[in-house]
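Below you'll find a set of structures to go through.
What follows is a pair of complexes built around subunit A, which joins subunit B in one and subunit C in the other.
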Partner chain A sequence: MALIKVTIDGIETQVEEGTSILNAARSIGGKIVPPAMCYYSSLKGSGGKCRTCLVKVTQGSEKDPRPMPKLVASCSTNVMDGMVVENTASQDVIDARKSIVEMLLVNHPLDCPVCDQAGECSLQDLSYEHGLSTTRYEFERRKFDPIDIGDHIKLHMNRCILCYRCLMVGDQLTNEREHGIIGRGDHAEISTYLEKSVDNEFSGNVIDVCPVGALTDRTFRFKSRVWFSKPLNAHRECTTDKCSGKSVLWMSDNDVLRVTARKDQNNEVKEFICNTCRFDKKDVKDWVIEGPAHISRDSVISQNHYELPITHKYKALENTAKPQ
Partner chain B sequence: MQSLTNRSKIVSNKKMTFSESIYLVAILKGMFITIQHFFKKKVTLDYPKMKKPVVANYRGQHILKRDDQGAERCTACGLCAVACPAEAITMVAAERKKGEENLYREEKYASMYEINMLRCIFCGLCEEACPKEAIFLTDMIVSPDQQRDKFIYGKDILVEKMEKRYDTSKRQKHLLEK
Partner chain C sequence: MSKKLLLEHIDVPGINTYEVYRQKGGYASVEKALKSMTPETIVEEVKKSGLRGRGGAGFPAGMKWSFLAKPDGVPRHLLCNADESEPGTFKDRYLMEKIPHLLIEGMIVSSFALGANVSYIYIRGEYMWVSFILERAIAEAKANGFLGKNILGSGYDLELYVQVGGGAYICGEETALIESLEGKRGNPRMKPPFPAVKGLWQRPTVVNNVETIAAVVWILNNSGEDYAKIGIGKSTGTKLISASGNIKRQGVYEIELGLPVDEFLNSDEYCGGMANGKRLKAVVPGGSSVPILPAELFYKTANGDARLMSYESLADGGFATGSMLGSGGFVVYDEDACIVRNTWNFTRFYNHESCGQCSPCREGTGWMLKVLNKLEHGQGSMEDIDLLWDIQRRIEGNTICPLGDAAAWPVAAAIRHFREEFEWHVKNPKLCMERNYGLLESTKKFELVS
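Up next, the complex of A and B:
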């Protein structure tokens, strides 16, 4: 595949043809990566819905150097040879992102003190960086009662930003999707018809892909705040087909409070895990512990998180781990 | 030896005269100073009958406020515990059940909330961190005790009593001005 040249915020890079601007920016990394609430690289067809990744294209390509007339969604626009893109360098982009955060928060209840996602929530990070500290919205926000989707998942429709990621997990990871979006526009909501439970072996992954606290783990509900538990990388031999068995255990002392899949630097899961690993293996002895999970220093949950080699305490536990 | 200040006195070994050796003048002089103090203003207070006035933002014992309907404001978000530099605060969250809406304001509440008053340095960061205006420091003084474990204050002490409400409006005003 031919490599083409693209400049993002003054940094030049070469990417393959057919790469989106967002992925080109991610290949550079750092502050210039546009935030994304709906795009998920491991889910086909995701992106283009939330508009947080809007960027300005100041030069379309080498051959046609005219700028693009409007801001474009970087997750669904492909790069051209010689394209010049401005993300944080452009005031237009920063202003647009501010308005988009405001739009996303129009119906958001801002119940972060109650929400289990607080501390690892993309919307929280986004609004902290780009949002206003006040709201101009005067009308009543739409309200739904929390629903239990099956034994393990809780749906708080109030917090949903309609990114459609969880539907793609349903379509692409499992054989049969059991939930969908009903209604249109302001009335759109995630639902399982007649509150039918979602019980698929991979349904738990909707918790990880959800950028906000709309889908949360019922087995972890109100157990602990994210920043009080210690994340450890661990793996186990899982017999479920397609399950990687690689996960993060969120520990408090020697108790496993919850199990999640591993997220990369873009906050995305590449290797999904099955529900057995996620919900049923809540004993350290089920797992082979590798060491503390990496948490970015910028993250709010990095406080009191030390990435030291495995302590003797966990080593001792590892030796007693039973082979599965 | 050269003296560091010019206030030093040279000690002499001279013999006392008779009037000096009976100490009468010295004793009277000393008693005069003592008696003088009877007529001066007292520097001590008759605590606990009398209390010294304190400023509006005095940082004493904590209180967990209830709202106007009497429901607990604290939602166990853990921000006070993470803000606490002395790590004095611990809590356990629980989910509110149906029918408990008049007890707890939010869907989550603290089933256990403890402050170790021996660890606490009364810096007031918990009060600043609280997003629900639940925890406040008051002008109450933490009472002394002889057992160390008595200083771990649970919800029974910290939560505001309905029959003895504590007014934090002055305090809130002060925080807002800051």
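Up next, the complex of A and C:
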């Protein structure tokens, strides 16, 4: 395939035709990679919705150098030969991203202290990075009761940012999607058909793709803060069709607190695991241990200052969150 | 009387039936197109006519048609957008209800021009009875050989279906319409690819408004050149305007584009002027999404030219001092109308109708609504006005589809032109509560659902 040239924040690179701006940026790596809250490379059709990955195209292509009139979603805009893109180099992008983060927090409960996702939450990382731990929003946030969707998964709709990733897991990994989005706008919610349980060999993957703490593992809830457990890469000979058997065991001493699939440097799972591996194999003897797991560099947990951002957030919470 | 191209026979008794419609020259354009024209020559005529999309954006119809991809062996589709849900707009309903065969005739010739053998009319669920009218008209046209296999012996086949939507404004956005027609949740798609390349079932598709398709009939019966002679500049032909508000004669009018706004609002042929001796305060000239114009900027552009009912003249001055022709939903406000309440009401609509995919539109519309709610009920502060401005600015341009912009523009225009009125609400909390005519109750209810 033909290689084409693209420049992002002044760094030039060559990528295959049909590559998105986001993936081109990821191939360069570092600070110039736009954050992505809804795009997920292993889920077809994902992206375009959260708008955190907006960038500015200052030159469309070599042939047609006109800039694009609006900021574009880098996850769903393909590069053209000679395209010039600004991410953090553009004040417009920085401003727009701040706006988006603020919007994402409008209805977010900011209940990090009691959220199982704290420490590995993309929204927490995002707001930390953009210096926003609150919004100017002063009204009551939308409220839903947490529900159990099946034996293994808990849904906290309050925290959902409607990224649609879990729907794509339902469509693309399982034989039949058992949950969906009902309603529109800010009154939309993820739901199952009449609280039917989501119960399918691969349904547990919705937990891993959820960027926030909306879908969490019921078999792990409140056992420990993520950053107190030690992640180990492990695998097992799994007989489930299409299961990679490659996992991360989250250990406390010799106890397996939780099993997840492995995430790459972009915080994405490329090889999914089945529910048997995830929920039923909680004995170290079930697994072949490979060694300590590498955790995404950008995440709050891995920066060795877990306590710092979290307490910083508690403070913000005290000042802003009104009792509801 | 100005020229009537669409509504000429609207008052003829029985014009909704095939017999009467045919007696009045109906379906002549189908005979002409199928017997003496080719798809290419039809597209050429429509291009020459300068006809622009009547659904809101005003994109030239002929140009849209010529962009349609034509890969070998892949069926193409024409979809008629009859979702008409923009507050203030009710022209398509009038046309479909009164003279349904005009739309059917337009669909046949337009489908032929685009090489579509299966076409759809997507109509909003609240227009259920209109869908029955259309279905009856389709059955009549089919019984008379204008639909189905081998129409008029030309070898051209066309099936035409009416699909009723669930009643969502967002399904009027063309890619959401396509999703809905495919039986999915009506979320707008990311573009590109555009429908002209990958639309319904990933096939090349054209989506046009009811009025756009109906206008093609006159163009083929006469000529593109004749059509272009009507109207003014790039605003060719006639346009249906649905007029509402405190005027003497509300209703749907067909006007020649370029008519002075003064004449449209005040002459007895059209709106008949303000009712009850009230003075004009403001006009929303093109449906709820377009910026509101205060009376002085309505009659005259910032340069002092008389404002005309045309795409260009209404947009003169950009968003600073102008507005848009939009879908032709002409809403008139008299001196008693409260701009803050009107803005609150429009925002309530957009919040309710946002599909919720993009975070700025989903969360921003709800946020604006709550701030407006406060202001309208005398609980706002001066900072809230600035906050409101800031929120709309953060939505605009950052979303997948134009609904986000459509939610932001009315708020921006209201603050731009009527800031004192917002401030008045802050300074006179008691007075603005008194002017609430029981609206507070409905707000409370709304708070519960949102």
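The working rule: the second predicted complex is superposed on the first by the 294 of 324 C-alpha atoms of A that agree within 3 Å, B and C clash if a C-alpha of one lies under 4 Å from a C-alpha of the other, contacts with A are read in each partner's own complex, and residues count from 1 in each chain.
In this section, a contact is a pair of C-beta atoms (placed from the backbone, for glycine too) under 8 Å apart; a residue touches a chain by one contact, two chains touch by 3 or more.
Not measured: the values here are computed from a predicted model.
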item	value
Touching partner for A:145 - first (subunit B), second (subunit C), both, neither	neither
Which of subunit B and subunit C A:237 touches, first, second, both or neither	neither
First, second, both or neither for A:112, with subunit B first and subunit C second	first
Partner chain in contact with A:227 - subunit B first, subunit C second, else both or neither	first
Touching both subunit B and subunit C, residues of subunit A	none
Residues of subunit A defined as touching subunit C within the complex	47-52, 54, 70-71, 73, 76, 96, 99-100, 102-104, 106-107, 136-137, 139, 142, 161-162, 164, 180-181, 183-188
In the complex, subunit A residues that touch subunit B	111-114, 118, 146, 221-225, 227-228, 303
Interfacial residue positions of subunit B with respect to subunit A in the complex	75-79, 81-82, 93-95, 106-108, 131-132
Residues of subunit C touching subunit A in the complex	168, 170, 185, 190, 351-367, 370, 387, 394, 397-400, 449-450
